[in-house]
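Each of the next two complexes has chain A plus one other chain: chain B in the first, chain C in the second.
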Partner chain A sequence: MTDLILQALYSGLLQGGSYALIALGLALVFGTTKVINLAHGELVLLAAYIAYTVESGLGVNPVLAIPAALVIVCISAVIMYFLVSMVKTDRELNSLILTYGLGVILTNAILLIWSADIRSTSSAWLQDAIVVGPLYSMRSEPMFFIVSVVLMGGLWWWLSRSWYGRAVRAVAGNRDAARLMGINPRRTELVSFVIAGILASFAGVAIFSYGVIQPSLGHVLTIKAFVITVLAGIGSIPGVLVGALLLGVAEALTVTLASSALQELVGMILFLLVLFVMPNGLFGRAGRRG
Partner chain B sequence: MKKLIKHIGLAALALSLHSGAVLADEFLVGEDEPLTGALARVGMGMHEGISVAVEVFNQTNGKHTVKVLTEDNESSPAKAIAAVEKLASQGVVAFTGGYGSNNIGPASDAANKLGLPYITSGGVDNGLVQRGYKTFFRINNTAGYQKAMVGVLDDMKVKSASVIYSTKEATAHLAEDVEKDLTAKGMKVGMHPFDPGISDFKPIVNKVRLRDKSDVILMVGYENDYVGILRAAKVLKPDVKAMIGVWSLATPKMAADFPDLMPKVYGTALLPYPATFKTEEGKRFYDAYKKLYKKDPDYLGQFGYVQSMILFNAIARAADKGTIKSGGIAQELAATDANTLIGRVQFTNGDNLNFVHHMGQHQGDRIQIVWPKDAATADMQYPGVPW
Partner chain C sequence: MKRSLIAWIAILVVCIAVPVLLGHNNYIMSLFIAALVIGGIALAWALLGNLGGMVSFGHSAFFGVGAYVSALSTMEAGVPVMAGLLLGGVGAVVASLVMLPVLRLRGPYFALAILAYAHIFKIVATEWSSVTGGSGGLSGIPAFPRMLGIDLAGKSGSYLIILAILLVFILCYQAIRKSHYGIALRAMHDSEDATRVVGVNSTLLKAMMLFVSAFMTGVVGAFNVHYIGFLEPDYAFNGVWVTLPIIAAIFGGYRTIWGPVLGALTVYLVDQLVFKNLIPSGHQLILGGLLVVMIIFSPRGLVPVLFKSGRKHASA
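Right, the complex of A and B next:
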């Protein structure tokens, strides 16, 4: 039993790291622009398919697809931002509808370009087992867990220490006051989308490296990312990591101690509980608007 | 001059009547298919088989032709109903297609209300044939898959099995039916349902490895689930003797896309690979498929082809009897007794009770049929797992 629980905790942590990587971009855009980007999962998926194309076309490790994914996904994110910025009235609601539509367009574009077949890496190096005592994982899982933590640390540093990061936070806090301080809100929002694109690129390559992708996966990723963003509390980067790990571990323990059929249910119960007990999320500040 | 004009007029009338008769012999058939969304891949596979059936039927029937109008139901039950209603408004006389019991159920409900027959091979939920519709027909069912899974386990003489299955309707029913059968035979069975949204199967496979310690793992899901389970099993290496799945697993596509995961894995298969057809119809199907799609046919294409040929032949018979508009197609379908590429097809309350699937195994770069013995193309490699 101990071995089972230890493996569940380990698998849950690794899975949580993956969730965090997916959720971070959505959380950043949500926190800074109040736009819930419902096409974020599709951006992640786009990066995953670029990894597939690079691997199958050039026969190289999909990790080497990250530069190509960064370029294409960031361009897509910039286009997405310009479309969202054209929404002049009732931005929070209308951008929701717009990004949902963009998600549908991206899904179908992926379907047209790459077909409906399921894809996953064929790299034996990424899939090889790493065994640490009673704990098992694929090599790609701890690798991308570390990438996830490093990216999160980098983002946290950027937001709290760099001028642009502070500008992003200032615009998130009070757009008009930020403008009076000489900050260009449109440019800082654009930067948020680009950073979200960078994070989505890493997340996509990670998913392709240890999971299975198919065109319909995008909205599943968006839902997962949204749940974690709300769990974390709007605008909290450490909260995303904690929320994602909590969700990953809760799901893995549910599978081990009860039934895997209840896994998604437990995630949703956790989500609702946090909403009821802590409406601002685990790390959200009271008074901050979502 | 007047006489000449009269003759020309009569000739024109005769010609127009003749061409009208030719047009009347082309029947419109509706195809309700998931071409996008979660079921897009299987939907496309079925669609290919249906297109091949149109090609073959129109070339061979000589008297009647069919034209298929296709609507994408986007893997959604609501859109499947809309597809059926739209196709009916365009004048189709029957429907072929559908995948997933949850889509086929409402789509065939709509077809039944319109009094139009609906034939499929994509829905194995027993509830579909328990509605008592005279217009619903399917050529395969859960029982056929169940017989193949249980049959191959009998041949292996295993004492315990762990069933890892998706909680979707069709997969859950099949898993539960298999469990009943195996338990009745005195086998120890561990059941592990999983939510279709799951992506990490290691906690489940670890339960099999440390708690169940079964002889074999049975996988009842879809392609992405199989890949996830096999990946997890390759990492954890449970001490099992075989990995056995059902549909969409013993296919050349899976062998090509996941060569490291497939060796010695079992799955239901109608055909060995490379495909070999001994009958005249089989060769016709193979040639037409190759011509249209430049690749070898798979089981989805074969199912789509068989169900559509049965429907087209029923339409032709009803047309010959002049009963198309008075429920003749459904009556002809109900009276079907045909030897097809999937075996003999007869309908009892809309279900083809003759259906028994075969079990294939990935062996090297081939897929061999290993069960039942009379259809086997090679002995099973047992025990054997991909790691």
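Right, the complex of A and C next:
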């Protein structure tokens, strides 16, 4: 039993790496534009399907799909930015409905192009067992976990050191003040969408390399990412990482101890619990009450 | 007043002409019924959005709960089907009670918290199989009875029921909008803080709008289950019951009363008769595109654009 729980903790942690990438993209875009991009999970899924196409079409390792995924997903993210920026009235709610519509478009486009069949990788190299003491995983899981940690480190460095990264934080903190300091908020918003696209590309390829994908998954990923940002509180990268790992572990433990049917329930319950008990998240400070 | 009376008579004539002219065509009638079901949810969704200022992505929760409550109460407790419809609405209101805490949240947080509830209800319906029949679903749900010599279980009869439900809802919506609650809600739309200052309990008003919206959706869900005669969690809590009503309401104009219903009729019929033939699977792609275009170019919908009656504050 202890072995099973340890194994669940380990698998959950590894899964949490990709969750963190997805949630960071969502949180970054929310920070600058104050828009919850409900089509964010679909961007991740798009990258996953590009990995599938590269593997099944060219017969190569799906990891090599990352450049193609980066290009296509970032272009999609930029298009999303321009559409969202066209919303003029009642921005908060209309942009929410707009991105919901974008999600419907992407889900159905994926359905049209790749059909409703469930896909997974056939690469034996990615699926090889890696044994660490009593713990098992596929090779792709620790590999992409390390990639996630590196990307998050890079993002942290970019946000705290580079000019644009600091501009993103400035716009997220106070848009008008940032504008007075000579920052172009619109360009900064565009940059945040592109970064979200980059993170989504890696997360999508990761999800395909160790799991199964289907068109309805995008919606589920958006919800998970939102749950994580609520757990973390807005504006905290370490918080997002902890929230993502927490969700990954909670899901894995539920599957091990109860049933896989309840896997989605645990995220939802965590989400509601945090909203009611600690409305500012585990690490955040911004209020979200009306 | 006279003008609105003429409009009502015209609408009634058109509504009754549909089964008289098309009643022999089962396919077309079933499309109309399905469109009105979507229209009912769209109306309830728009009421919450327009009067309560809340966007919900979880109306499938009310739809599913209404369907289950009505199906189970008629099957297990022998409640008459017509009473089951009301019970379905009441069940949805009870379900919305657990959502009351999320009323404190604003904007996106509210929208997504409601979505979380919809997911939880779906999982509960799947896992609580001793009552709900689990993922295998329920069958043999009683159909509508014969009343006054009309077989209400048939296409024309079902059409008349859902039509009557919708007309009652529309009258209720109008009554709420005209009442002093409606004035307070309109003021809340401009500035919730200012409205609270003058002594309006805004949270209570929002809760009441949530109840009304949940009740309407629950009744529509209950109607649908007796009309279809079969129920399973994936169907009852399907995301379609959120997506299509939102598109219909935005297309028609969610700040008007007729917009969501007319939007549902237009969007659903065109989708089924045209888009579905063009792209058999994934035809909602076009609907998603429609939603995006509407939000960007005409977020108030088409009804206000088409019927510019000169009234500046036609919307609540």
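Criterion: the second predicted complex is superposed on the first by the 279 of 290 C-alpha atoms of A that agree within 3 Å, B and C clash if a C-alpha of one lies under 4 Å from a C-alpha of the other, contacts with A are read in each partner's own complex, and residues count from 1 in each chain.
Keep this in mind: contacts are C-beta pairs under 8 Å (C-beta built on N, C-alpha and C of every residue); 3 or more make two chains touch, one makes a residue touch a chain.
Here the structure is a predicted model, which is why all the values come from computation and not from measurement.
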Chain A as common anchor, with chain B and chain C clashing or fitting: clash
Chain B versus chain C as contact partner of A:117, first or second or both or neither: first
Partner chain(s) touched by A:261 [first = chain B, second = chain C, both, neither]: both
Touching partner for A:7 - first (chain B), second (chain C), both, neither: first
Contacts of A:214 with chain B and chain C, given as first, second, both or neither: first
Touching partner for A:127 - first (chain B), second (chain C), both, neither: first
Chain B versus chain C as contact partner of A:96, first or second or both or neither: second
Contacts of A:136 with chain B and chain C, given as first, second, both or neither: first
Touching partner for A:276 - first (chain B), second (chain C), both, neither: second
Which superposed partner A:61 touches (first chain B, second chain C, both, neither): neither
Segment of chain B that clashes with chain C, given the candidates 26-34, 80-88, 206-214 or 224-232: 80-88
Residues of chain A contacting chain B in one complex and chain C in the other: 108, 111, 115-116, 259, 261-262, 264-265
Touching residues (chain side chain A, partner chain C) in the complex: 36, 83, 86-87, 89-90, 92-98, 100-105, 107-109, 111-112, 115-116, 219, 223, 226-227, 230, 259, 261-262, 264-265, 268-269, 271-272, 275-276, 279, 288-290
Chain B residues touching chain A - in the complex, by the definition given at the top: 36-38, 40-41, 43-44, 75, 167, 192-195, 197-200, 202-204, 206-207, 210-211, 223-224, 227-228, 231, 234-237, 253, 257-260
Residues of chain C touching chain A in the complex: 49, 55, 57, 101-113, 115-117, 119-120, 123, 126-127, 192, 239, 243, 246-247, 250, 279, 281-285, 287-292, 295-296, 299
Complex interface listing, chain A residues touching chain B: 3-4, 7-8, 11, 14-15, 108, 111, 115-120, 122, 124, 127, 129, 136-138, 210-212, 214-216, 220, 252, 255-256, 259-265
